[in-house]
Amino acid sequence: MNKRKICVVITARPSYSRIKTALTAIKKHPKLQLQLVVAGSALLDRYGNAVDYIENDGFNIDAKVFMVLEGENKTSMAKTTGLGVMELANTFYNLKPDAVVTIADRFETLATSIAAAYQNIPLVHIQGGEVTGNIDEKVRHANTKLADIHLVASEDAKKRVLKMGEDENYVFNTGCPSIDIAYQVNKTPNLNFDPIEKYGGVGHDIHWKDGYMVVMQHPVTTEYNQAKAHVLTTLKVIHDLDMPAFWFWPNVDAGADGTSNGIRLYREIYKPENIHFFKNMIPEDFLRLLINSKCLVGNSSVGIRECAYLGVPVVNIGTRQQGRCRGKNVLDVNYSEAEIKSAILDRLEQQNPMPKDSIYGDGNSGEKIAHILAEVALRFHKTIAY
Amino acid sequence: MNKRKICVVITARPSYSRIKTALTAIKKHPKLQLQLVVAGSALLDRYGNAVDYIENDGFNIDAKVFMVLEGENKTSMAKTTGLGVMELANTFYNLKPDAVVTIADRFETLATSIAAAYQNIPLVHIQGGEVTGNIDEKVRHANTKLADIHLVASEDAKKRVLKMGEDENYVFNTGCPSIDIAYQVNKTPNLNFDPIEKYGGVGHDIHWKDGYMVVMQHPVTTEYNQAKAHVLTTLKVIHDLDMPAFWFWPNVDAGADGTSNGIRLYREIYKPENIHFFKNMIPEDFLRLLINSKCLVGNSSVGIRECAYLGVPVVNIGTRQQGRCRGKNVLDVNYSEAEIKSAILDRLEQQNPMPKDSIYGDGNSGEKIAHILAEVALRFHKTIAY
Amino acid sequence: MNKRKICVVITARPSYSRIKTALTAIKKHPKLQLQLVVAGSALLDRYGNAVDYIENDGFNIDAKVFMVLEGENKTSMAKTTGLGVMELANTFYNLKPDAVVTIADRFETLATSIAAAYQNIPLVHIQGGEVTGNIDEKVRHANTKLADIHLVASEDAKKRVLKMGEDENYVFNTGCPSIDIAYQVNKTPNLNFDPIEKYGGVGHDIHWKDGYMVVMQHPVTTEYNQAKAHVLTTLKVIHDLDMPAFWFWPNVDAGADGTSNGIRLYREIYKPENIHFFKNMIPEDFLRLLINSKCLVGNSSVGIRECAYLGVPVVNIGTRQQGRCRGKNVLDVNYSEAEIKSAILDRLEQQNPMPKDSIYGDGNSGEKIAHILAEVALRFHKTIAY
Amino acid sequence: MNKRKICVVITARPSYSRIKTALTAIKKHPKLQLQLVVAGSALLDRYGNAVDYIENDGFNIDAKVFMVLEGENKTSMAKTTGLGVMELANTFYNLKPDAVVTIADRFETLATSIAAAYQNIPLVHIQGGEVTGNIDEKVRHANTKLADIHLVASEDAKKRVLKMGEDENYVFNTGCPSIDIAYQVNKTPNLNFDPIEKYGGVGHDIHWKDGYMVVMQHPVTTEYNQAKAHVLTTLKVIHDLDMPAFWFWPNVDAGADGTSNGIRLYREIYKPENIHFFKNMIPEDFLRLLINSKCLVGNSSVGIRECAYLGVPVVNIGTRQQGRCRGKNVLDVNYSEAEIKSAILDRLEQQNPMPKDSIYGDGNSGEKIAHILAEVALRFHKTIAY
């Protein structure tokens, strides 16, 4: 019997974390053959070199595609996507997959979707149907309309995908594979490594052992010009609180340089003694860092998903996660010094873990995904249901 | 007062016919400034050189963008779209429009949508919400999800756009501007030119004055490999009927060469004496040709839209117009010699015009569109309504 | 021992004929591994589908790259080349060759050269140092300046490459592999097939058995606007002579449509009864057709190279082969009806074969090339010699 | 009379400095119209935002072209060039220049050359014929072979361009426009600004008023993997000397991140108290800084050109300027701590200025260039001279 060739395209570090357990399950599945394409910022040192982690995890990479345009503006986001379509079209043409998997809603995921859909390759979209507040919103639903098979992460998301006219026989709630990792890590939750020793990073050698926060703030594409101001606000609050904090640099995005410049500027001028900066960490270590932290601050989707499952207290800043289902662990605030400060103080008073929540799955999404990919009827032709 | 700069991107000959009266109305509107981008197959001789008609009609072209990849397969469709994103991103960056208009559902229209949406330029989609049976279906609804403002052509289409979660304050039924031309032409319906004398074309000098059919058959992207067989079937029927027919070559599409090769092959072998072939015609002449014909045969959207309004009898072959609202003038058949033949014989017995139908508007869509573009609040940030 | 990976990029039908015996020799060589990339017009039906011949000849293709932009103008030539650079850069990155081979001087060969040179992959240029009269002239010498190793086809060419400052240790006169095929074919020169029966083609079923001409005329890029006029002149002469002729369609080029349109137009109007048209032929059959012809007319490089070796009488029209070393078999004429006619009449009086000439090699170029590629020191760093 | 439209493409900060006085002279010339295209890294903040200086200098920009691919490797250099060809082809198509000017030898300048040459637009190459030791060598001479008109900066360069077979009627020694600025600045040589106050930068607030060095070290593309090691060597020497130094960050290049990472790393670990880092400076200020310095250290071409004219002592490290004509002011050393240190000590003993040298012109190159562009016969068709 010929195995189904499932081609997964990973274009950024966070997408890898979200799909990793599914990759493992696809690789192991007797009816499936994994084809792995690593592209975009996942290949770049500046954005955490996800490709190294992928190779270290034992995955074989079938093609690498350089496609990220430099630039401080949104024009380069569009051009990156255009280039991605061209390159991935050729890649799929040569790999001849039976289905292509596109993940979530980053701007360049639409390149994967077009390259597959236009070549009549069945397109599987992971984590459609969610709601947020910027260009991701448009990208995610456009991916849904190009996709043939939908593997969503929550019941809420499933409802929305069906509402948009997708065929209910092709929409499956699998939960989010990122929860699988949280589930595994949570079996042995102790912080079994020294973050600074293991990952280096820059900034002061903070005394984190008696308690620390974790901060991760990304630029928001619709608030492109405010990225710098927003990150400076958060930096000031964290600095003023004078409590040890591990801060993670943002991913690639049109505003990446705004946020990054803000951080560089602040470091240069204020040299905050309570903050240590990391580029990135392997997901397991990052989750363990969260489990043992006082709270997470910023606008990362980890705060909404993994932290819901783990019960880590979260201060979620601004609009980036707007509209996503969240647990009791999250306190939402605006880009305001006062609000952020008061929310952090509130969260510091919570016990970590707070009560847990299974909105995004309970730890076996990867296997569910592999099973569906092995059994679902593959198709590339659909009409809107109404 | 600064005029709103409305940038319309035309990528193919048929799109121009569908938008022409709106262009005129935008150009005339005191609050609007038209920016016209001509791209893709609209620049190419092989596909009817729409650019010449556009310039002859007195429109000033702000930028021309070459982006069509050669090829007989779907890979080149994807690559054309990717290249379009890159080029149009730069074009919009330099033109700085207040809104961008993308038309309907051809594969490369998604390039216009991405280039605008990713740069936070409000995106207007013309003729969303319809239903057909191939890749256009995916493209059309992906355009909808990237667009901020929807100008649809029928009530049916409006319902579907709303169902997909679009904000009802931004969905307007304007009818289809192509009906505006039909409305104008129908005021003086006589065939006031000799088609062969005016347009040349190839094939026999048929005796059309006592009655003729018009044929227009495009390849269907999901039936890529059958394009040649399908067109050969239709050619055989038309040839056998031995009645004068004007046949129009197809537009660019992944299967274009399949259909075109089919036609070339048939001509070479059988030299059908009752068929004369044209590359294209200005829309007014084409409509007048239809008004004075016995019937239209093929799978063109003109059969569904303009012919509904005009009452021209139509034999619609195959899946290309599947799911689109149609009038009584249309008889649907499969790719079968027997079915096509019997349907043509049936239509030949109808009187042209048959009873008319206003599903797609009543002749003033262009002005409605300009009015809305001048008055609607422009935005580029939305969330799904639910 | 690791074999040297030699990556050859074929972008057009005529390039394949020129390199075929070298491919075979590389494939057989114990120290070499052939990596074959087929790109550009070599993949397209409109230009003779060289890819089919390559696969039929038993070569394994490592990557196919679609990169030809449609268009009637020179802009699309430039864009095709740009796209080629992008795609081939990624292709080489993934194939990791020890050396890349770029062939001759078609515009898109510069894409191969840049993609290799910029990635510090040793670049081998085949057939540099020649002289012609259009954009090829610029492309060829730019290839030379990007290349590290030069395999030229004649002593004349070698002198010119050295003059441009290349290191004499890296310039080798191997002759032209196309002569190898002529050498093989000439062992059994009889016309062992019926051209029309085997290749179809279009036009009249001419009586060729008592003698025929072969015509092959390509557009000249610097005479872009005259392509149509030039081919019409030749068509008229051939038609008037009323002697059976086999005519071959041109390759892809900015002016391809000019020449092709000229041919289509002439056929449509005059239906010349003495001409039969072919798209293309396998090289062996084409050479056998020439060996058995009265003469070759047009501007193909075959007239200069293979026909010199074979002694086939040639009428060479216009500027395309300007500056290339030629044998006694060639009569050069301008784009003039009178000149072409009188030259053809002169050639028809010659005996085929005329005295032979070994300017471009004596039949073992392929093996010489493989031997050099196996033994030469590979480098990617050079300075101009002076 | 129609003015000749001269389209100059600037793709990097240093290219702007080299062409600035020519731009002014073209703009003023009664027979010329300047079309200015700013592209590539000249648009990017990370590489000094040359576009701001250009606009501040009062030049109108006709088109901006984003084309730089991100990446730490040579693949992105190739892809940037390919993208540049595509975009610039369209830009020239829309601007319709009478001639295009490409500058020097950065990798992406070949994009300008191809986009112009392939569209039969006469191509002017500035500063061909020089010799260096890496990929620039290949790019420069490939530009020469694509160009129709050559404006070289020295007699030495002129000889080399002629040797390569260019027509002597189209090769002109104009000197280098960068010398024009040096000539102007040198009229009022005092340091009339406080560098740190005016430009900010990062690092210690060094006491530079009693004497300082200037350092500028770029990555060398053929020594891609050593970029970090090389810059660390120089950093160590400068740090150890404990003399105030102004250090300038490198331009974009495949190795940029290697060099930049080296600098960041060194700063993070050693916090050198005698070094202050700048991103860039306007050329006039930079030259004044050099005139008042003790010496220049690194591998910048400024050391070879402007410093020859100005008599500034220079330590030139490594292979980057290999083969370029230089004055007595330059001491060449390898990437060796001992050699660099001893050379700096030697140069510190020289009086600044040392004896001057006019190899690269005497201060009126800009006007010479404009004059030639106004008067030379424009052509796009050439053959190699031999």
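Going in written order, the chains are labelled A, B, C and D, and every chain counts its residues from 1.
The rule is short, and it goes like this: a residue touches a chain if its C-beta (ideal position, glycine included) is under 8 Å from a C-beta of that chain, and two chains touch if they have at least 3 such contacts.
Owing to the predicted nature of the structure, the values given are computational and were not obtained by experimental measurement.
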item	value
Winner on C-beta contact pairs when A-D is weighed against A-C	A-D
Chain of greatest Cα-centre distance to chain C	A
Chain centre separation in whole Å, for chain D relative to chain A (CA means)	41
Whole-Å gap between the CA centroids of chain A and chain C	51
Residues within chain C bordering two or more other chains	66, 73, 75, 79, 83, 86-87, 89-90, 93
Touching residues on chain C, where the partner in the complex is chain B	41, 43-46, 66-73, 75-76, 79, 83, 202, 252, 257, 268
In the complex, chain A residues that touch chain C	63-66, 83, 86-87, 89-90, 93-94
Residues of chain C defined as touching chain D within the complex	73-75, 77-79, 81-87, 89-90, 93, 107, 110-111, 114-115, 117-120, 131-135, 137-139, 141-142, 144-146, 159-160, 163-165, 221-222, 224, 322-323, 380-384, 386
